[in-house]
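Consider the two complexes below, in which chain A is the common component and chain B and chain C are the respective partners.
== the complex of A and B ==
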């Protein structure tokens, strides 16, 4: 083999050697961390690891314990409520803002800059600002009361039943600018002639949007949906900053459950089981999307 | 892949929209500025803009007030007596645990984390994207697909295995370890960004260089790198804001003396001991947000392009 390689035609392994060397970090990341790490975590979620990972298999014990834990059930409920409203509101607000921006308005750049700047800020900053604005003693509630409406009550961060909506408000403030940008890009990608045709036919503007433009923007909506959804499953810093999971455990989320069990409660098995559940949640979102998006293309 | 994740960056391009303007007027005849439709449109936009600006305004005014004024007044009122004391205190004397040297420590930690992480991750991803675009080898697509799919896996799933790997390497808790972590998690989006860019360049360019006998690194440094400068800027914006804003990796992979600014900020504001000094908290919050905000306002449209590509990162 070596003789052949020296003779001029390099063997398979040495072809494109530089390219392969340059790809080593990617290959290591993809195989060792993304693939290996994920399998490792799933594998160890069937053990009763505590402080250190140990190969002591207990079957589905960790999962049973997980779903029996009130804190996990609340986390999942919170994620469901937060996820549902977050998807609906960010799509609706993002689209409406984008549609308004697409009316050939003046100062488009200024408006875009204003709507998008929260996205440049971290979730920690976002959470802390809204913690302050929603502060019952000094924030919105006290301001409205001082205007004379003394019975006004708006205290999401200290009311267990609605605390997740307080987090939702902050998340929407931070994230809708991004959705607006993606939607605006989608709107700008739509052929001018569609608008002309609709106008010639005398279709009112709102119907053009609902019946023609939105169906045409399906790919943009789906991509945006996937982006928002995978962000929702990850929500962590925002909750840590805004409420630290409180009051009590009312605003816990799965990502925080994982972190707390892995690094504070020193119950690795629980952390692995919980993170595997997160992985399944993401898979439920991603797999159908990837199938629709790429499965079809390969056949075509 | 690229088209679906980065929905046509040209649509955000200034030239594209001006080209559309040049193509001819769209829509009905121009109406008077004060038509009811315009009043509603601008009214709604201005209302939304006020809502988005309000938190920034509240942050700034709160940070400029003294504590007595905060206790008496309302959070939306401008400061009667402007004081910069909270800013000084937030920067140099606010306490986290036993350390009372303020946010400056976190700021410098964040600088020491962000700069090398940005440089290393971009260097690796750009070479990698170039290899994937122009020097394809067997199996490259498979690894790349795993990498992109991996971008959607929640970080929590991979954190602990990384802790073990770093511990084995003796890097757990160190700055180097954190830089490696940022490089790993920045790789999917950055590689995608560079691969797509290099694929979009005319192939003749590459072929001509090959005919002239240039090799892998020669072509990269002499031809590809100079041509890809705009995309390097986009990648830098993406990485600087992303890494500066990171909280989870900072708290998991470093020791307290290396905590980045976000972690320290959270510790200062959410500490249970002592009287809450809201003005100091807000000054600290602005200070932490200042770097990404600066990058955002300076970079303008490139930022939009970066997030359109980087939205995957979430």
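== the complex of A and C ==
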């Protein structure tokens, strides 16, 4: 036994040696840049670094200031609202579109291209386009008014209480196409026989979707969830292009706070503290999920 | 902008291969992109090109808030430009302290900047640990109210002579479908407007106590409460000016869609470009017509430390070109700003600039908030005032938060 193990170990290490050597750069990148950069950021968030990093520890001061800042609190609230609705709507709309595409309709390719097309645009372009569409003087409001409904008012981007929904609309327009494609791929992966069996048993179509197809598409849903969630946390360019955080600070988001304080306010410590809080938020979501997902698989 | 940089890079590449030894090319970054500003910066480029060197224009669109981070990260990231604009004050303080910027003391002593540059606070702002790090190019003051004569004619009221008359005329303007006060959505505009109201209503001493000494008690006191009352008026008058950039807001005044705008004298370049004349088409009230005091902020050029010797030499040439009397006149006339030296002849200046020169000569000046506060405190102030102007926050609550910012300011 021991002899075998001894003989086996070097083999394990040397197996696929080429591919291991080839992946060294990526491993180094991951460890040095991602992990190292993260630790460095967290470390310096306890200092009072201004324009340039310096080692002058101030304990939790930066965090106290952060949570006292009304702008940060508003940013977090906006992210929560945006995240909640963006997650639900992009999954629901994406899935419904995909299910409709899956009905063997004509011109499926054309429709798929149309729905996916917005995804080819950057958030900056999306933001500018929707800034125009939602502008009260040129966009939807003025078009409807010119049709005769003169009292019609739809002005989300200049109304602080609903501005975040104006951004949500743009994000959904841009992102649902991709969700639809992922879902469609998942639906195409379902064996035709399952549909036949369900039909033989007389199960209505909506129940087949809800109780059979969706549970079978779990991996696709998880992939989609991760893609949507990471998009939510890092939302920045869309806000900058559409409202630049306005009116006032009503549509601020955490990533913008980080950027503004690191570079405009020349206060690295404050920016690092904010980005550490963002990291913690992500960790709170990811860790339980990863535990369930990967911990479960080992047992199974 | 990208195209321009690309063109600059290509041009740099081409001329390096033929380049004569004497001339050097300097990339100069700045955020002067509105019509009037671009016309002014072209004058600087022309003057520098005349010395046999070459000005490579690196304009960054989107105002200082966007441009400064790009400039700073280029300097700290080891890709310095030849020269770069910053505002007078503390924006480049740490860059100089950490040895990334070039010491200009030699040029300054050789050309006697100490005696030439007026007011001396400009050079003080460039001086860090006894060394001079920047060349001031202009004086910009914030304390101006720009009024559209046409708008008041439409509303059937006289053009106001001070802030109170303006507030009183607001209902008439609104009735005529005119926005009384144009305020753009960029945060620095509402913060700046508040500073202007403070000087006009509470006076120079209070201003200095709050921003100079960071006196929290004064910031929470009755004088500043009055200023917040005026800011509340301004907020109501600004309802409906749905624009972002300052020059779009100025354009509302130029086209008579808005009654007025509180904006620095850089707005003048826009009026000029639109072919309007001070006095007949528009009216300017320094210190809002209440307290004729102007701040002496403005722009200065900083020079990152470069290894290339030729370029370093060209930096010296550029620095002295910027201070040169001819350049000063040509540039400032286009820009609508005041020259940094008292000994130049600005006969061609228009009425508004002459008013400014007069106040400057009388010495009714204060330092700009960029000189008094760190970028960090300025940003907190911007956050507060952009929220205040866009929401229903009470003046009392805003004052409390303002006092907190002053208490922790550096």
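By definition in this document, the second predicted complex is superposed on the first by the 266 of 300 C-alpha atoms of A that agree within 3 Å, B and C clash if a C-alpha of one lies under 4 Å from a C-alpha of the other, contacts with A are read in each partner's own complex, and residues count from 1 in each chain.
Definition applied: a contact is a pair of C-beta atoms (placed from the backbone, for glycine too) under 8 Å apart; a residue touches a chain by one contact, two chains touch by 3 or more.
Every value quoted in this text rests on a predicted model; they were computed, and no experiment measured them.
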Exercise. Touch check for A:260: first (chain B), second (chain C), both, or neither?
Worked result: second
For this session: Applying the touch criterion given at the start, work out whether A:116 contacts chain B, chain C, both or neither, answering first, second, both or neither.
Result: first
For this session: State whether A:71 touches chain B only (first), chain C only (second), both chains, or neither.
Result: second
Exercise. Now for A:244: first (chain B), second (chain C), both, or neither, which partner does it touch?
Worked result: both
For this session: Go through the superposed model and pick first if A:136 touches only chain B, second if only chain C, both, or neither.
Result: second
Exercise. Which of the two partners, first being chain B and second being chain C, lies in contact with A:200: first, second, both, or neither?
Worked result: neither
For this session: Spot which of chain B and chain C makes contact with more residues of chain A, would you?
Result: B
For this session: Examine A:51 and indicate which partner it touches, taking first as chain B and second as chain C; both and neither are also allowed.
Result: second
Problem set entry | Overlap of chain C and chain B interfaces on chain A (superposed complexes) | 135, 244, 259, 263
Problem set entry | Contact footprint of chain C on chain A as seen in their complex | 50-52, 65, 69-71, 135-137, 158, 160, 244-250, 259-261, 263-267, 270
Seminar exercise, completed: Listed in rising order, chain C residues that touch chain A in their complex are 65, 68-69, 72-73, 76, 91, 93-95, 98, 185-187, 242, 244, 374-376, 378-380, 383, 386-391, 401, 408
For this session: Using the touch definition up top, name the residues of chain B that touch chain A in the complex.
Result: 1, 4-5, 7-9, 11-12, 16-17, 20, 23, 26-28, 41-42, 44-45, 48-49, 51-56, 58-59, 62, 70-71, 74-76, 124, 127-128, 130-132, 135-138, 140, 143-144, 146-147, 149-150, 152-162, 164-165, 183-184, 187, 191, 215-217, 241, 244-248, 252, 262, 265-266, 269-270, 278, 281-282, 285, 288-289, 292-293, 295-297, 300, 303-304, 307-308, 311-312, 314
Exercise. What residues on chain A touch chain B, complex-wise?
Worked result: 12, 15-16, 18-20, 22-23, 25-27, 29-38, 40-41, 53, 97, 100-101, 103-105, 109, 111-125, 128-133, 135, 138-140, 142-143, 146, 173, 177-178, 181-182, 184-186, 188-189, 192, 195-196, 199, 219-220, 223, 227, 230-231, 233-234, 236-237, 240-241, 244, 254-255, 258-259, 262-263, 268, 271-272, 274-276, 278-279, 282, 286, 290, 293-294
